[in-house]
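Input: structures, listed below.
Look at the two complexes coming up: chain A is in both, with chain B in one and chain C in the other.
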Partner chain A sequence: MNPGFSILALIVLMGAVGAMTLRNLVHCALSLAVTFAGLAGLYLALGAEFVGLAQVLVYIGAVAILIVFAILLTRPLDTAQARPFSATWVAGLAVALIVFGVLSMAIHRSGVGADRVALSGGVTVREIGDLLMTWYVVPLEVVGLLLTVALIGAVIIALREEAPRAEDAAGDGPGKGIGKEKEPGHREP
Partner chain B sequence: MTTLQSYLLLSALLFAIGFAGAVTRRNAIIVLVGIELMLNAANLNFIAFWRYGAGDAAGGVMFVIFSIAVAAAEAAVGLALIIAVYRHFKTVNLDRIHSMKG
Partner chain C sequence: MNGMREAADQIFVNAKHWLVEWMPPALQPLSSILLSVSAIVSVFALLFAITTIVERKGLGRFQNRLGPNRVGPFGWLQPVADGLKTLTKEDVVPRAADRLVHFLAPLALVVPVFLAFSVLPIGRNMAAIDLDAGLLFFFAVGASSELAVFMAGWSSRNKYSLLGAMRAIAQMISYEVPLIVSSLTVVMMAGTLSLVEIVRVQADFWHGLPQWHVFTPWGLAGFLLFFVAATAESNRSPFDIPEGESEIIAGYYLEYSGFKFALFFLGEYLGLFAVSALAVTLFLGGWSAPVSLLAWLPSWFWFFAKLCALIAVLIWVRATLPRLRMDQLMRFAWTFMLPMALINLVVAAVWHYVGGGLAGWLIGAVLLAVPYVGLGLLLGRPGGFRKRTYRFAD
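Moving on, here comes the complex of A and B:
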């Protein structure tokens, strides 16, 4: 096991544990960004440069910031009972441990990849672009449609409930919603 | 030399951490963070299998690119839902959000 993988794995795991256990929500979001950065490093080490950069752009640049905005827009849990974990956290932790045990046992027993070595040479961005425009053009269009629907849906869902239903609501309702909410803009990879 | 199994074990551990957080935390936003961690564990599996796989096609990379796009849409819609729920219940504490109508 080479040291680069060990360091990146340590960063990823410590970030993940921090994101799940810290009490301060902003610390959770920053810890999550550390995890995403470590995963981007792992992708780069595995030879998937475009995916690593997309990870940095989409996850660190958009998703983590989106989570920070959501934290800022909502109030933290009531300070009287500041326990961040639910009352049945022992059962949840036990189930998570069982899940990890089953997964690791399956990985060990199956012996998958024991005789495999990492291939050299990845795909270039030019090849990815060619494939996106030829073989994967239908999924690309579907993903574009999905992102458009998600954009509109997120704006509609997050619109205020007590939106004014006056006679001018039809005129400036959607525009006001877009201006007021925070999602649009940073979503396309 | 790093083996495929170490990547798979790291991915399984990341999935388990995300799952534990999603199940045990009380704040809805952190639950969504746990779901994001689980999605990232799946993406790491895709890339690891692609790197150690037999073919030289770009299948794994393309799958992860589309997966990232879908995860971004999921995060946006999920956070919008949390904002809407917060407006309604005035809290993001999942222990308090247990009435389906009203």
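Moving on, here comes the complex of A and C:
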């Protein structure tokens, strides 16, 4: 085992343990970002340049930000929790074990790793692009369509909430300003 | 003559090779890395110092005042005094702050920004690493600075800081989309993500004239879109609402003092240089000379000349335009920048199939001008910019 792999694996594991055990939810999210960075490092060390950089771009640049935004928008600013274990940790553990079992079985059966091909000098981005645009073009388009539908759906769900608010504001008419400004946020559902 | 030109062009490359060869063989890879890193760190930090004084003096001129003029001849040593001041100032951390995250945030901002310079070709044979996916690397490290902004804003336990961080992140995520989409046109046409290759594609001359991407319809539109998005991405005026000093004082780095504040300042300006340098690389021909008559000047000179020109334009824009409001900012990104960037992809594809020339120019101009005017009329119509009702603040 080479030292680079050991260091990166240690970073990944420590980040994951931190994400599980830290008291403060934002600390957990930042710790998870460390795990993402470590995974990206592992991909880069394996010569998968495109996957490693896409991991940084998507997971650190978007997913981690999404998680901290979700935490901040749904909870009070002081996010410290009393205990790292929730009341339903046994059920959570069971679900995690089942998911792990199903995934590892699926990977084991799919025969990945059985036909190992020696790669010379890693895969270039051009080859990945060629494959995505020819052999895998249908899955790519389906995934793109699915994500676009999800995006539009999210926007529609977010818009629906505003419709009664707009009527409400219009119905209030003039002269609403001063009294309301004194207690901000109270009228929010 | 040719030999001298070659020597001046490659002077830094040769100097590095000479220094590395002088090392024992076991230390050669390490010393090569260290030399490249220290060159990037020192040159761009120096450029940061020069830019601060040029910007302060320039803004002074724009606003009809003198600007800094006390330290050294005509005030040109002001950056030295500023640097000493920030180094010796007390480092104040709020008692309620999350100390570890508060400490890590400036580092998490500055380190990725320095990493971004490693893939930029500063001159001929002068990229620290020639990555196959260089452009992707640049955007990946750029995206990781958003988390640093969040760390700074959240850990300060100050509502202005948190508001500033939220604004900054929302803005950076929104403008990242047109930034990446507008640079995709170059990737489509050059057929590579390697920044070294992208410059090489543009470096040849056609009858003594340059073949930069900016001299095509998709390149011109792409450059303008990229430059506007880059201004927003680096939180520069007129998109500097995340640090609007009149409303949220300084945004996410409000609770930072001393050298940590200087690191934020450094990170912000280095991000500006990096994204301007990327604009130079993608659209303005990188290190290549503007006309073949001037190709005798070294390649690194042209790179820095173009970079400084872009920085000067940004200072000029900052002094000229008023700050946008938050909702105007978002609206501009999603209803104007993004559609134009997507249309620009189509223009690039048409240019590719028509094969350039006059027909390509005509079709490209029509394809770009019609939506430009249409979107402008649609968004600027009466009632298009009506009074905003705020959901969480009215």
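Miscellaneous remarks
Heads up, the rule we're going with is that the second predicted complex is superposed on the first by the 115 of 189 C-alpha atoms of A that agree within 3 Å, B and C clash if a C-alpha of one lies under 4 Å from a C-alpha of the other, contacts with A are read in each partner's own complex, and residues count from 1 in each chain.
Methods note: contacts are C-beta pairs under 8 Å (C-beta built on N, C-alpha and C of every residue); 3 or more make two chains touch, one makes a residue touch a chain.
Keep in mind it's a predicted model, so treat the numbers as computed, not measured.
Of the two partner chains, both chain B and chain C are touched by A:Ala62.
By the document's definition of touching, of the two partners only chain C reaches A:Arg126; chain B does not. Contacts of A:Ala96 after superposition: chain B is touched, whereas chain C is not reached. Legend: residue contacts after superposition of the two complexes on their common chain; A:Ala54 is shown touching both chain B and chain C. Of the two partner chains, chain B is the only one touched by A:Ser86; chain C is not. In the superposition on chain A, A:Leu30 contacts chain C only, with no contact to chain B. Contact with chain B, but none with chain C, is seen for A:Thr74 once the two complexes are overlaid on the shared chain.
Contacts of A:Val12 after superposition: chain B is touched, whereas chain C is not reached.
In the overlay built on the shared chain, the residue A:Leu39 is in contact with chain B alone; chain C does not reach it.
Within chain A, the residues touching chain B in one complex and chain C in the other are 50, 54, 62, 69, 77, 181. On the side of chain B, the complex with chain A involves touching residues 1-10, 12-21, 23-27, 29-30, 32-34, 36-37, 40, 43-44, 47-48, 50-53, 56, 58, 60-62, 64-66, 68-77, 79-84, 86-88, 90-95. Chain contact summary for the complex, chain C toward chain A: residues 98, 101, 131-133, 136-137, 139-144, 146-147, 150-151, 154, 157, 162, 166, 169, 173, 176, 191-193, 389, 391-394. Residues of chain A that touch chain B in their complex: 1-2, 5, 9, 12-13, 16-17, 19-21, 25, 28-29, 32, 35-36, 39, 42-43, 46-48, 50-51, 54-55, 58-59, 62-63, 66-67, 69-71, 73-78, 83-89, 92-93, 95-97, 99-100, 103-104, 107-108, 112-114, 116-119, 121-123, 127-128, 131-132, 136, 139, 143, 146-147, 149-151, 153-155, 157-158, 160-161, 181, 183, 187, 189. Per the touch definition, chain A reaches chain C in the complex via residues 24, 26-27, 30, 33, 37, 49-50, 53-54, 56-57, 60-62, 64-65, 68-69, 72, 77, 124-126, 162, 165-166, 169, 177, 180-181, 184-185, 188.
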